[in-house]
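What follows is a pair of complexes built around chain A, which joins chain B in one and chain C in the other.
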Partner chain A sequence: MTHGLWNLRIKVDGELIVDADPEIGYLHRGIEKICEYRRYNEVVTLMDRTCYVAGIAWEQLYIMAAEGALGLSPPARAEYIRVLSQELQRLSSHIMWYAAYVQDIGLMTPFLYGMRDRDLILDLFQSYTGARMTYEFMRVGGVRNDVPVGFTDRCRKVMDWLDQRIPEYEKVCDNSTIFLDRTKGIGILKAKECLNDGITGPMLRAAGVARDIRRDRPYSVYPELDFDIALYDEPDCYGRYRVRMEEMKQSVRIVRQVLDWLDRNPGPVLAEKVPRFVGTPSPPPGKETYVERRGYPKGRGFSSMEEPHGEAMAYIINEGAEHPYRAKLRSPVFVNIAASKDYLVGYRVSDIPAIMGSVDVCVGESDR
Partner chain B sequence: MAQVHEKTIKRADPPHAAVTGIVVYPMATVAKQFVKSLWRPSTILYPFGERLENEDFRKSVKVASGAPIGVGEIWDNYRGVHALNIKTCISCNLCAFSCPDTCIEMVPVDTGSGKTKKCPEIDYGKCSFCGFCSDACPEGCLTMTPGYTITTNRRGNMVYSPERLFEVYKGKLPQNPTSLAAPENEDVILLDQDLCIGCNACSRDCPTKCIRMIDIPKPEAKAGEKLPKRIWKEPSVNDSECVRCGTCISVCPRECLYWGARK
Partner chain C sequence: MPEENPPLRPLIPGITAQFPQDVTVLPRRKDMLAVLKVTPARVAEVAKYLRDVGSFEHCALVSGVDWVDHLEVLYHLWSDSLKGYIELTVDLPSEDPHVPSVTEIWRGANWHERETWDMLGVRFDGHPDLRRVLMPEGYQFHPLRKSFELHEPEELEVKARHV
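After this line comes the complex of A and B, so read on.
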């Protein structure tokens, strides 16, 4: 729930909440502005810090927009490794949410379960990216390196393990009266209100709206993969928990398909057209701009993706310099917190941890 | 009258019991744990037993597409403290250039034979361990190791001089080079011949000595016109040895060198 990095001012009538006003900005680092002074690849280091539980999702978001702006496309194997990273990241992010959320509500066991199993996924990340949280793995035109030999077997082992564990996570919560009492019928935000507020991600799908960018506006190789959209028809905290649990099962399913593909299809992971550094110092000879000399067109890149918290979007304007003219990021958490008045009013003060926890707040990405 | 309670000190246990309780039992426990720790790791990753399950995996260091990334075990690919091989460093400045956090500074190092050359000095107070510098290194002399114990209580100790990075290199930790092969159609250094004055600055500062000054014929002066004041030489770059560091471009006084595709 990210304690301490944001404020929630509430007005109460006895125990009932009558008004709520979220106050963010304590973690604002001006990432969008710093992007304008860094070469395209170097922004990857900032994107990891944008959302610290789903770093690789934001890396890919930015890199996809930059590829659109520069007119490059990565090879197929790089796309599959990216999708693998996305789904592993979704698993680790949801497990982290599960561990923190259920502990906020009062159960200690899930915290220990979650943190232990998340560590297995971080180990997988470390084995091919070289880091556990700040991966710096995506590059314009592909990924930094291929997965090591034996990685797919390791990954399958972890997926088999998670197949056993996820039903157990559910069992712990569904058999707990405390958990059910504190989540069922709490924090209701119906589908119409969700759509009016611009809420996305598991909150929207818990309200029964089948919207998932992986299917609706497919990016990367998602059209070739087989998966279902997690849906639930009770727009309360319990429904959001059910949606995330189902999404984890679907992620395991996607990871298995990607691993099978990676075993069958070796190949390069970085596009050949990409120079070693996108952006090398060079005084301008004549009037032609940097990207024209490099053979890239000027352009604008837009990318949208289903991040673990919701729909994230990036827009990059390439005006011919070696760094973007403007970069804009759309954070799903920013919108989800902004609507907090709609789903907090009418409930009691003691429900706030349960409701705000179910939103899955990551302040790093909402403040940027 | 105040009553005085006499305190009778009664020893519950005989004196040797205290020795047993305070000294012998704890010592025995410590000795037992110590002996256990000799062949058993203190922490085992729970579901899969021991992490060092596959010794052969460490030896069969390969990557599916052919390029090596460090070694196989999961902690070996970790990007930690850098290792610098001072002897093969060519002072090309690419690590400092590619660093997003500007934590690398090129400082002079005594090479032993009375001469100095510039090698990277890394400030770990700023470093984000992204690995762009080791990716950029054309000679593979700056790599990343799994070392992570850089915590100190003085800010100055976070700055690692080239000599200190060389000590890390001599520690023979697993390295994570990720030397990306240069693509075939990479940009090369081109010359604007009208601007060149043949000053030799590019050839003098080239770290790989791949620029040679070749003589060019001195043209005949036309009537009423003066020849430009210059040395009648111009640089010729050997593309196969060039590491694309851009030093020649930055030292050129007339800005006559630039990046481009060779036709």
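After this line comes the complex of A and C, so read on.
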């Protein structure tokens, strides 16, 4: 949920929107280009900055693709810690969305509720990664460190707390006529249009399409975990809100299962045979002599995952050097904004905050 | 021989029979259902075939790679019934690369193609609105070309000291 970092040009007929042309790029930092000049583990730093409300999701996305390109696999405990981080991040991202969105629509209390409860999750992150937003926690071949002693119990307490809070979030919204008036029947984009526009994530599931990469093309340890896909059959702003609320409940469910597993299964969190990628500064990419001298296996790595905003993809080409030859990132928000003409035309100017808010725009990841 | 993939068994022979000159099946990677190499001229027709016959209804990504001597454009398509991605790869010359747009087939490809034009300078013929998307209009370079050198901070520091 970002304000002020992008531009939406609209054409109006009175109050009615007749055309929309979103304009992005104001936060473009050239992350894909910088990746070509960084060693594999150094890129992790950039991934946190790609999406600043869901940094760890992008870390894992990149790491999965890089591991594919380098032919490495992490130990099981690292996979569980990654999934734990994913779901905590999904919770904090959705709570952040809830806080900002409902305030945009005209309710004040949810903002205070949301920011307070999000801080509890950030505290958890801080206790095992050392940071609240830019974690730099994952490594090619595992994660940086294990969770500290007593972490699982602290995390369970937060989950118990959220169990009580999420129904309360819903009560605040569902009992508010302002909220219902401003979200129901607004910003409709039907399933067929969503598919054609390439829209993914909560927007697509609100239209009733049960596509969730965690279930359809399982990665990491998601096949071993029990959860439901959040679905709703009203493709409007209200439906997107319902889907995100349900997803938070499912995330709490997943986190509990992962915590139980972590309690029972101690072990290493970093693979043993990991190239350390240290040494002389790298020459420019594509130089043959350098490639032969190092001799890391050439390959292409591809990963796709269900990020809080939708389907994110990474494509890494490894040409044998210490740094990626090419790193391509697909941001779900980039595509969801691109289609904004299709769900804005026909609504009023005053609906724009409600509609664009329901998309959950994170400009950091759309501009990269 | 490329490895066979059971869910795609009717589709892949169908597509090679339909486009015998233009589609080559490349060795399969474990993260893709199939990897197909397509000649630039027939990309849109192959894409339409994959959407209508192969049920690849979601164009997830259009991207490109600069291999210095040539360019490669990549398409990643997702199918909800097959639960997987297929990769199309197209080789283009570095000078004045052109490829037909697939925006008519999937509207979602619109901004991906704009970004590939912006970053690598690939022209998508038939695209309704091929403007730059991330870099400002009027910018002279295509930054993801390998000829666009990124200066490392230390080099910049050295230069600054001599000024």
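Keep this in mind: the second predicted complex is superposed on the first by the 345 of 368 C-alpha atoms of A that agree within 3 Å, B and C clash if a C-alpha of one lies under 4 Å from a C-alpha of the other, contacts with A are read in each partner's own complex, and residues count from 1 in each chain.
Following the convention adopted for this analysis, a residue touches a chain if its C-beta (ideal position, glycine included) is under 8 Å from a C-beta of that chain, and two chains touch if they have at least 3 such contacts.
Given the structure is predicted, the values throughout are model-derived calculations rather than measurements.
With both structures placed on the common chain, the touch criterion links A:G198 to chain C but leaves chain B unconnected. When the two complexes are overlaid on their common chain A, residue A:G267 makes contact with chain B while staying clear of chain C. Within the superposed three-chain model, A:A99 lies out of touch with both chain B and chain C [touch as defined at top]. Look at A:I355: by the touch rule set out above, it reaches neither chain B nor chain C.
When the two complexes are overlaid on their common chain A, residue A:I317 makes contact with chain C while staying clear of chain B.
When the two complexes are overlaid on their common chain A, residue A:I254 makes contact with neither chain B nor chain C.
The contact surfaces that chain B and chain C form on chain A in the two complexes overlap at residues 281, 284-285.
Within the complex, the chain A residues that touch chain C are 24-25, 28, 30, 32-34, 36-37, 68, 195-200, 209, 211, 216-217, 281, 284-286, 300-304, 311, 313, 315, 317, 325-326, 328, 330, 334-335, 338-339, 342, 367-368.
Contacts from chain B toward chain A in the complex involve residues 45-48, 54, 57, 60-65, 67, 69-70, 72, 74-75, 77-79, 97-98, 100-101, 128-132, 135-136, 144, 176, 178, 180, 182-187, 192, 244, 246, 249-250, 255, 258-261.
By the touch rule above, chain A contacts chain B in their complex via residues 38, 41-42, 44-45, 77, 116, 119-120, 123, 126-131, 134, 136, 144-150, 157, 161, 262, 266-270, 272-277, 280-285, 293-295.
Touching chain A in their complex are the following residues of chain C: 29, 31-32, 57-61, 63, 65-66, 68, 74, 76, 78, 80, 83-85, 87, 106-112, 115, 119, 132-136, 143-144, 146, 148-150, 152.
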